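The structures considered in this document are given below.
Next come two complexes built around chain A: one with chain B, the other with chain C.
== the complex of A and B ==
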């Protein structure tokens, strides 16, 4: 499941949803949160997560705070004002997509 | 959970640096990721030491880590271009740029262009504007400053090609020189602003 293209397509929405709920998070925390929430079915690799976070930051959807934690620096990500609006839009789009997909996949043949 | 020591963090830093993760801003994030994963693994298996866990982690994840570090270029380019666009109409740029443009309009630039000292001053100005982001990058090793240096080089080189290879009508010279100054002013202000921003962010390292 970890390499699924379906998962890759919705990675940014998952990240945004988590940040909306948690306020601010750092990279490793996001990977662990997704792993725990999906009981290990979804595993986000570094190669997929960080480019997504950096892209969202470049687009002004996320902002960064750097703090010294446990002998090292840690980059925390949080939603910007634009990011909060964008998150609501993306979640709504994903819900709509899942609904449509369910209708197509579980299409019942018409009788008569 | 037992935290890694400063020496162990330094070990991860040096390893990533030697593996080609050159940019400090990218490496800081990678260090934290690797350190967090190692701390968790050490907690789960207390029989193993730091070096054993580090080696096992790198065998499994190095490729993905380096892929992540290398892909940063595209998002940094976007950030650089957005910052440049934001700076184009900032108050300092409009004020200084306006002053330069007024001066260019009032002087006979076509005549002045033939003057050797004017040529030397222009070349020195352009070279300085190009060099400042490069020097800031050498000092800070931040991905943003590296890409900004590349754009600075590209912009100045295009203007250089234009001015040295094309016969430009006298009326257009003011516009060309004005645009050149404006572009360099924007690059310089962006470079200093972002350098100060990153300096503040990573000063605690």
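== the complex of A and C ==
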């Protein structure tokens, strides 16, 4: 996406939505999933993803579980109960925002 | 598919340490991320060397490297630490022993501050605060040495040992000396007594309660600890 600022504001909502659908995911998996789903138009940078995940974890929206995969430890994130409610709220806020934005952008001037 | 070997995982841990990631919990998450990225590159181009792939993956973190991730992680953990302090304060305040003790500290402080040599009493309190500064400095040195020796240092463990941001608050009582010089007793004494009681409460939580329960707290914060 050419203007990453537009994307930045919705990063946490995208992450929450993905976790709601997938159940649990790890950091790298999230970056790849977003890249694949948007055919490369959206690209989550590593420097933005982890701070978002850590903030959501500190706020009690996400919880973590760790598993040994191959020869290393993998940290999975999943929604908490509070996180599930928060996700629904954030998605409806984003939908409302998109609707309003569309109304503003496609505003037809009144004649007469 | 070619996988990252044990030695290469070790190299990734070293790589994060070389790039100023001191905390083992942050290192672990970054190591898995880098390893996944490298394996993904090997899928597309099996000929690329481990080091080349690593540098390519690291570049994706931008010009500041891992520093942004570490800094934001510290901030998130600080928030969690202060929430924990608040929870502990509420818990201990419901215990009659603690609440009566605090009330006594508050009243005794006010009594001593009201005496003619009230400033001397306050200087004794400042001496205690200074001792706390020394304890924090000592604990910081231990953590630094542990990290230097390559031992596993967890971010939240560091926060508990350093008593979070207590270090920056510790200088406030010293500022109150100026108030003491400028005013005579009354309201300022009550205010300072409150401050002393508040310090006693937070010190009890930060220097006794939390370090005492450190292991249990860390197990909750870091599920990965079961693998050590």
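Here, the second predicted complex is superposed on the first by the 110 of 112 C-alpha atoms of A that agree within 3 Å, B and C clash if a C-alpha of one lies under 4 Å from a C-alpha of the other, contacts with A are read in each partner's own complex, and residues count from 1 in each chain.
By definition in this document, contacts are C-beta pairs under 8 Å (C-beta built on N, C-alpha and C of every residue); 3 or more make two chains touch, one makes a residue touch a chain.
All of these numbers come straight from a predicted model, not from anything done at the bench.
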Simultaneous placement of chain C and chain B on chain A, clash or fit: clash
Partner chain(s) touched by A:74 [first = chain B, second = chain C, both, neither]: both
First, second, both or neither for A:94, with chain B first and chain C second: neither
Contacts on chain A seen with chain B and repeated with chain C across the two complexes: 26-29, 32, 45-47, 50-51, 54-55, 57-59, 64, 66, 68-75
Footprint of chain C on chain A - complex, ascending: 26-29, 32, 45-47, 50-51, 54-55, 57-59, 64-66, 68-75
Chain A to chain B touching residues, read off their complex: 26-29, 32, 45-51, 54-55, 57-60, 64, 66, 68-75
Touch list for chain B against partner chain A, complex: 3-6, 9, 28-33, 35-37, 39-40, 61, 63-65, 67-69, 71-72, 74-76, 78-79, 82, 201-202, 204-205
Touch list for chain C against partner chain A, complex: 3-6, 9, 28-29, 31-33, 35-37, 40, 60-62, 64, 68-69, 72-73, 76-77, 79-80, 222-224, 226-227
